[in-house]
Structures are given as C-alpha cells and as structure tokens.
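Chain IDs A, B, C and D follow the sequence of writing; residue 1 opens each chain.
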Amino acid sequence: MTNKVKVVLGVIGADCHAVGNKILNHAITAAGYEVINLGVLVPQEEFVNAAIETDAKAILVASLYGHGEIDCRGLRDRCREAGIEDIRLYVGGNLVVGKTDFKKVEQKFLDMGYDRVYEPGTLPDKVIADMNEDLK
Amino acid sequence: MELKNKKWTHDEFNAIRQEVLAQWPTGKDVDFEEAVKYHENIPAKRHFAKRLVKAKKNGDTLTQPRAGVALIDEHINLLNFLKTEGEADLLPTTIDSYTRQNQYKEAQNGIEESLKAGRSLLNGFPAVNHGVTGVRRVVESVDAPLQVRHGTPDARLLGEITIAAGYTSYEGGGISYNIPYAKSVSLERTILDWQYCDRMVGLYAEHGIEINREPFGPLTGTLVPPSVSHAVAVIEGILAAEQGVKNITLGYGQCGNLIQDIAAIRALEQLADEYMTKHGYSDCVLTSVFHQWMGGFPQDEAKAFGVISWGAAAAALAKATKVIVKTPHEALGIPTKEANAQGLRTTKQMINMLKDQAFPLTSELQAEIDIIKAETRCILNKVFELGSGDYAVGAVRAFEAGVLDVPFAPSKFSLNKILPARDNNGAVRLFDVGNLPFTPDLIAFHRDKMAQRGQAEGRQPSFQMVIDDIYAISKGYLVGRPR
Amino acid sequence: MELKNKKWTHDEFNAIRQEVLAQWPTGKDVDFEEAVKYHENIPAKRHFAKRLVKAKKNGDTLTQPRAGVALIDEHINLLNFLKTEGEADLLPTTIDSYTRQNQYKEAQNGIEESLKAGRSLLNGFPAVNHGVTGVRRVVESVDAPLQVRHGTPDARLLGEITIAAGYTSYEGGGISYNIPYAKSVSLERTILDWQYCDRMVGLYAEHGIEINREPFGPLTGTLVPPSVSHAVAVIEGILAAEQGVKNITLGYGQCGNLIQDIAAIRALEQLADEYMTKHGYSDCVLTSVFHQWMGGFPQDEAKAFGVISWGAAAAALAKATKVIVKTPHEALGIPTKEANAQGLRTTKQMINMLKDQAFPLTSELQAEIDIIKAETRCILNKVFELGSGDYAVGAVRAFEAGVLDVPFAPSKFSLNKILPARDNNGAVRLFDVGNLPFTPDLIAFHRDKMAQRGQAEGRQPSFQMVIDDIYAISKGYLVGRPR
Amino acid sequence: MTNKVKVVLGVIGADCHAVGNKILNHAITAAGYEVINLGVLVPQEEFVNAAIETDAKAILVASLYGHGEIDCRGLRDRCREAGIEDIRLYVGGNLVVGKTDFKKVEQKFLDMGYDRVYEPGTLPDKVIADMNEDLK
C-alpha cells in the first residue's frame, strides 16, 4: 500500500480534450502523487464517487471547451452532500465561451466553491507547486 | 446489424431511419422528398461540392473558419460577419458539445440559459434542437456554401436534420469522430452510425443531390504523424464511397515542418486516388483540406498571427483545396467574431500572395512523399488483411491490435502505444512505433531520425521530449528543445 | 578632392574633419581619443558586430525594428519597450528627415514643437542636435546593440557624433543614401562624403574598435530586381572596405517570390565573398540583412500581419543574419510602439518556428541564384571597366550611362530607364532592361518571362502593369493582375 | 500651345518618397491634365513659384514621412501673399506621426486652408475624380 497523497483528475462534462489530461496525469504522478485519472467526459457524480472511494485530498477539474460555467456549477454542493465538504477543488482551462477578463472568471468560480482557478495556458508546474502547498 | 463494408439496402436504411428520427421531437419534421426538392433549388454558389471542384480546377485554396453560437439570429450574424469582414469562402456551423454527445436536454438548457444571459453559453449551434425550420433560417440567411462541423460519434439525427435543412456538406466519420471525441463508444457502433450518415448522403446522390462529405483529418491534432491520419482518411473515404457518397474531402492537420506538410497533402491526394480507384470508387470526386496548427497556441496575439500565417503559407504552397483557419484568440478559448475574421483575413492575404508561387518538387519533398506513402500503405494493407478484405471490419481489428493507433486519443479503443516526437528539423516522427506494421526500413528511419535529434540535444528521446514538443509552439518554437 | 576608390590618408581625413565638426555647435564635443576609450568599455552583448558574427555562426536570424522619436527620454522608453515587449535582438535609432537633409535648425524647431505638443512631431531622433552627451544617455539606458538608421546623403557629422557617443553600427552608403534619398546631390559628392564615414570607421578599427557598417540594401524598395541592388551593395562594400571597414552587412529588400528571395540572399553572400576576396578585402567579415516588404502595405492589420509573416518566413528560410521588421500600422504612417512590438513578436515567432527547417537547394533555386549572379556580374564588371579599374569612378559613370539604374528613384542622377514588373510566378523581372549591360541571353530571359505573364493575362506589358504590381500587395495580392 | 488644365505636383519638405509621385504624375497626365511635377524635396516657395509661372489651377502636395503638420502649415498664406489666393490646394499622404483618427487630421488641414485632404492609401482615381469636379 502506498502512502502517496491521492488526487482525482478528469475533464468534466461533454468535453473530450485528452492531451492536457494525459500530460497533467504524467506530471502530477512524476511529482509524487497518486493520480486517479478519470480521463475525459466525466460527470460530476463520477468525480465525487472516485474521491470518496479513494480518500482523495483534491479533485482537479479541467474544462477546455467553453461550457465550464454550466458544467462546474454545483460540484461543491455535491461534495458537501456526499460528506467530503473539506476536499480541495481545483479547476482550470478555457472556462467560459469568449475572451473574458480572467479576474472576473476567477471570482465566479471561487464563488462557486472552487479553491484554485487556473487561466488558459497554465503549465503543470504551477498546479503542482500549489498542490505541494495545499496538500502536503 | 453486422458490421461490414457493404452498401446498405434501402430496407436496411429505412428500418433504422424511423428510430433515428424519433430520438428527439424535431426529427419528425424531416421529409426526405421535400428536402430533395429544396436542394434542387440551392444555387451553385451556395453548393459546397461545386465550389470545391471549381477551386480544385483553378488551383485555388479556399478559406473556412470554425464558428457556432447557441441562438439562430446570433449564429446568422456571426456567419455573415465572417463572410463580409473575414472574406471567408466557405462557412461552417460548428455544433455545440452537448449535441455532440446527443444530450439534447442539456443543449435545450444551454439555449435557455443563453437567452437569459444575453450571450452564448454553448460552444456551438445546437442544430437538432433548432430543427429543420430553425436551421433553414440559417441556410436562407447566409449566402455561402455551408458545412456542419462537429465531433459527434452518433451524428445520424444531426445529419438528417441539417442536410434536410439545406446544408451541402457534412464533416465526420466513424473513426475520426470516435477516437478523438469519445471515451468508451465502440468502433463497431460509430462505424455503423457513420455508414448510416454516408448512406443518407448516398440516398441524396441517388436523387441527384450531391452532398460533400469530409472525414475529420487531424484526429487528436497533437503530433499525429501523416501516415496515421492518412490511413484513417483513406479508410473513411472508402467507407463513405461504398455507401454511395460521390464528393469527398480528405484532411490533414499541419505538423509545422514545411516539407513534411506539403508532402503530406500531396501524398494524401495520391494515396486516396490510388486506393479509391483500386477498390472501384473512381467516380468519387476527391479534394483536400489543410488544418492550420491544431495544437497549443501562443497567448500573445501577434505571435498567434505568426502561427496562423505559417499554416496559411503551408496550405497555399501545398495547394490544398481549402484551409481551416485558426484565430489570434486560439490560446484563450472561443474567439470573438472579430478575432475570427482577423485570422481569416491574415490567411487570405497569405494565400493570395502565394497563389502564383509553385513549390518545386525537390528530392527532399519527393523523399518525404515516398516515406509517407510507404508507411500509409503498410498500415492500409494490414488493415485490409486483418479484415479479410473488408476495411470496416479491418479497422476495428486494427485498433485492437494497435495497427491503427492515434496518439493522445481519449478513446479507450485506441491502444495509445505509439509516441510521436519531432526530429531535428521539426518533422513529426515516432520514437516509439508501437504496433504499427512498418517495415524494418521504416522503423530504422524513425529510430535514426530520433537518435539524430537526441544527439543534437544531448538527451535520450523520452516522454519529456514529447511534452516539450507539445508546448513548443505556444512557447514560440517548433521543436521543444531543452533551454 | 578627386574621387577615387583609394584609402584616404590621415591628413586628407583630418583636413576635412575640422570642417565637418564645425557644421553644428554640438560637433565640437566629439573627442576621438576619448570615444575610443569609451568604446573599449562597451560589453560584447551591446556590440553590434560581435552579435552579428555570433548569429551568423549559429545560423540565427536576428530581429531589428525601425524606431525613433524627437526627445531623448521618449526615445529611450521606445527602445526599451521594443526590447522587452518586442523581444528585439538589435535596436535602431532612426534619424528624423530634417537631420537627414542637414537641416539642424528645422530639427531644433521640431524638438521644441515636440516638447510643446507633448508628442513627437519629428519622424525620428535628431541625434546631431542632441549631441554626444545626449546620445550617450540613450546608449547607456538601452541594453542592446544599437545602430543608426537614416537616409542621409551627407552623414559625416551625424556619424562623428553617434559613433563617438557609443553606437556600434552605422547604416548608409554613397549610392544607397543618395539615389533613393536625394534629388539633386551629385554622386561624386555623396560617395566622397561616405568615404569620409567609412574612413572614420576605419580609423576606429585602427584603434581596435570594430564598428559595423551597413549599406542600405532595398534602395527605393519598389520592385528593385536583386541584381540591381546587389551590384550597388557589392560596390558599397568594396568602397567601405577600402577605407578600412572590417565588418559589413549587405542588404536586400524582399520581392515576395520565395524562391527569388532565398536565391537573392544566397547570391548576395556568394557575390560579396567573391568580389571582396578578388579585390583584396578578404579580411572583412560579411553578414546579410533581409528587409521585410518595403512597398505598400494593406491598411488592415490582420492582412499586414500576413505580409510581415511572409517576410519573416523568407528571411528565416534564406538564413539572413538579420531581418528588418515592419509593423501592422505600415500603411497608416509611423507606428505606435505597441504595433512595432507586435510586428517584432510575429516575426520572432515565425523565425523560431522555422529555424530548424533548412530550405533545400533545389534546381529552381540554383537556377535563380545563377541568374542573379550572372546579371550582377554583368553590371559590376561594366562598372569596373567604365571606371578603368576604379569602382568609385565607375559607379558615377555607370549611373550616367544607365549601367546602374534604380527604378522609381527620386534622384535626377538615376537614368530611370529600366522598368520592372513581376513575372507570372511573382518574381521581379524587367520588361524594359534600359541600358543595363546584360548579355543577349539575359535580355531574352526577361523578355520571355514578361511575355509569359502577358499571355496569361491577355495584355501587353506596360506601365499599367507596373502600377498594378506596385499596388498589388496593399490590395491583397502579389501579382497585379487585371481583375 | 496646349489648353489642358495645369496642376503643380510635388512632395513637400525634407521628404524623398518618389514612387507615389511618379505614379500620380503618370495617372494625372493620362487623365488629360498637364502636370508640372516638381518631384521630391520641394519647399513651399517652389510650389508657389511654379503655380504662378504656369498659371496652374491647383497645387497637389504630398507628404509621406510624418512631418506634414510642420511642412504644410502656411502654404495658403504664402499663396495669398503671392496673389494666387483662389488656387486649389490638395494634400495627402501620411500627414502626421503616429496612427491618428483621420477625421481629426482632415479637420486640421482644412483649417490650414487646404481644400481637399486625402488619407493614406488613397488611389489616384479618387484624386482625379475630385480634380474633374473642381477644376474642369
């Protein structure tokens, strides 16, 4: 049995962008975490179930296709209902349709209950640095 | 229904058609006979297939953007803006991601939320929800050839509605809209569902209506070697032609090395002609599409214009029949219509400046064409063999065996064993050929190319090299070297 | 002083130097001995010649903008902005047009009006008026190699002041800063005045200070055939080397046809090596500069980005040592610093994506190189003959005879008999070779190329064809065809 | 002797952009005018003298290099002093340094006494159409 910190990784909703998911999986694993990678096209429910089953410390949600606003809403409530209200929620990607001021997008997702919000083009190193601060 | 590469009978098709049209209430408004009459009155200038054939004859490269929003009027405005301000030759209707997953309820919700928000909360146009009448409003308000572009594994109802509404071109294919766009839908399923779409187009053809079909060339758009996407393109071309499609555009996504990109388009055209003729589909008209760089873009707009321009240059020098255009907002998500028009105008300027300049068939170019053709033939012939002479069956077995394998695909039906990386000149090669059925010569070719780069950089080819290559263009380079 | 291509003695130089430094009050602050010491402490990274040599060795193409405003602090801000936001490798100081005409009073007026208006009313930096102390503030506030770029027929005082102030590169030449930049200044005069500048640089070289010199390659920037500008470049290179210049960059302005542009840079490098060695100047280090399209630009910025990108691609594929960059505001006048930085970033992205891609030496490319070299040799050998073995004297006589002739030159000393136009592939040819001393073969080559285009367009080559070609790129095309 | 309408053409000030000048000369001549082309680097005085000597109906001033504002000021006064106050003054090119709203530039030059002001990229045809309206 491993004593690595576990995190759940996946691309939410009807989104099938797989490249960043595979790279994040590789980079976060290399950084010493155990990654439960759900891949693409993941419903909210599956994120929560996987987190409960594996006792994960964080859920890393990606949304690349612009529907993030609709897809990501309510995930914090669902965690609360499932009894994992303290889990860290990270979200990143192209979260809205159209070029928007990132500060506004960030605030919107913070208000939805996410702990960290990443803008387009964020490299894995940045996410890992935050994980090291938050989860270790 | 058992999967095989054989034209469906009318009975086979019609039995399923009723099911398909019942998938969502708008399906009942599809009336094939009426649709044929409707198409008969579409003028040539709005006819996708005719426009492509004319461009091919004149040696022109046409421009086409990606674009789609939730609501009809906004979508019409967007397309007309791209025509007038972007000078686009061909127009798309990009379908939203819920529709692509057949989640019509979620799409309906997106329409309603968009109405409330006063801006599109969907990343495309939910054509099934808008139905034949709604889609026809688009067709009748936009004076250009129109194509449906999406990424829908089961695109049968979408096809019935949009073609009946007057669209003259339909993108997709049983492999190219599964492997990069689905996670756990079987290939048997999607190939059958796309045989349906092709048979539907074939049915229109039987009634004298020519609809253009375009398999999705770039697949995952991420360091896909030309032979891998070409093999898929030729197979999908054959599957479509067998169902009676008469006008097909085969595609390729820019890799970034000019010689490789030009070679890829030429090889694709030559291979498609060769295999289609060999298998008895020589009455099918073939054209080509070049996709500007599909990978990560620089966030800076000025740098993005550089990437767009390089794609435009490669498309023009390769003499592709059309080019799918990126925008300076690419790195930042879905572009504004202004940014979309800018990408189109940059591309148009480049194409027009280059249209009189032929790229000479040099020995380097010929060598690259030969390599791509040799590799593609290895794959195609093995697929044919695995399928005992049937490309549909063969494709399924080939993916199981890794004979067909697409890098970075989300689908669990792609073995994901091959690993691509750039060589020292920036051409995309394989540092792990996985189970691709290459000859020892070809395997050695890739090994040598990778060794050459490894030596230049003082490191062994590894997954890190692949990651470096994936991020390279967004960081301003083609080859992801250690810096 | 009688004009001949012979190194000036120290006495000859010093006799004139006193006059030159007395032309404007700031001249008295030039102290050569002190300037040499100042240069000794300039670090390699700010040293133009060293940076170029390093780039040539590494096969890099460096980026350089054009930029200059009236006031010192604003000019410093501008240059630093272009370095940080534009990622420029080399920086310029473009001199205003009054200074170029030695109208220092008008320049002073421009400085004062600019102070009042709070924005630059001059189109460049009036370095003579700012004097050694003022110019050194720029040199010491900008951490990059700096070059003076101008268009000054008599640039002696400007050279004394800017080089003494620490500039490490100086653009211009007795032909290239007369014919396109003056109306009635004799060639004897400007060649003598530029011998002075070259001798001054040679004097620095005698004291161990290497200053880069760059004749202005594009001349009028308007459909100048490569052999015409190459002949001038080689002559100016020889004249500079004779006066003791040891580091020379020869230039060429993009014509727009890729094969011709790559061939032009390669031919220029080969011809310069050949003639410099033949005449005993083989100790002179040569590099090359490619100017992005110097003609009319599209007003639309997206289209301008396309033109800029194509210039960047040609520069990178030709492996020029540096590229002079245009901006998306080109059609609209002098650009903002933001637009200038955008042009630089687009160019940088393109160069970085192309740096690993060698353009193969195809038979078409070799044929074009051969043509350019043959034409240039015809001109150069005739100039040498007309000058009885002296290129300075020969140049003056050659312009009188039309053996050297620059299209669209404002100078009355250019015969203006040749008429260039594009051929059917967009390469710049001559439909009237005027008095250029070409062989019958070469004349026939141009005639055939023009006939080929005329046939394709169904019209005879005429001045209208030239006008169409001049406006073509700004209208979105390379070749100005009837539409 | 010709009865063609005469116009004086030149590039003002320290400006040596010759290409447009040569094309305008060709196009205006082809349109049936007699062009007195002073070429580049033309001082105000030379424009006025040429207009008087030839009895020209218009002076066509070009300025491509951004100093137009300084160079063009006072030409109308100079014409008035020389007794040709009714002569038509046309001006065009890149009249100011930097990208500026053309409407403002136009107003500035109209205020200076020019009758027609052309923006960058104006083709000869437009100028000739105006000349046909104004001078014939």
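As a convention for this text, a residue touches a chain if its C-beta (ideal position, glycine included) is under 8 Å from a C-beta of that chain, and two chains touch if they have at least 3 such contacts.
Note that the structure is a prediction, hence the values are computed from the model and not measured.
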item	value
Distance from chain D to chain B - Cα centre to Cα centre, in angstrom	55
Rounded Å distance, chain A centre to chain B centre (Cα mean)	29
Centre-of-Cα separation between chain D and chain A, whole angstrom	65
Multi-partner residues of chain C (each touching 2 or more other chains)	none
For chain D, residues that touch 2 or more chains besides their own	none
Category of the chain touch graph - line, ring, star, complete, other	line
Chains that touch, pairwise	A-B, B-C, C-D
Contact footprint of chain B on chain C as seen in their complex	256-259, 298, 300-303, 305-310, 312-313, 341-350, 352-358, 360, 362-365, 424-426, 473, 476-479
Chain A residues within the chain B interface of the complex	13-19, 21-23, 26-27, 39-41, 65-67, 69-70, 94-99, 120-121, 123
Of all residues in chain C, those that touch chain D in their complex	96-98, 100-101, 103, 106, 109-110, 113, 119-123, 151, 180-183, 220, 222, 295-296, 299, 329, 331-336, 339, 408-410, 463, 467, 470-471, 474
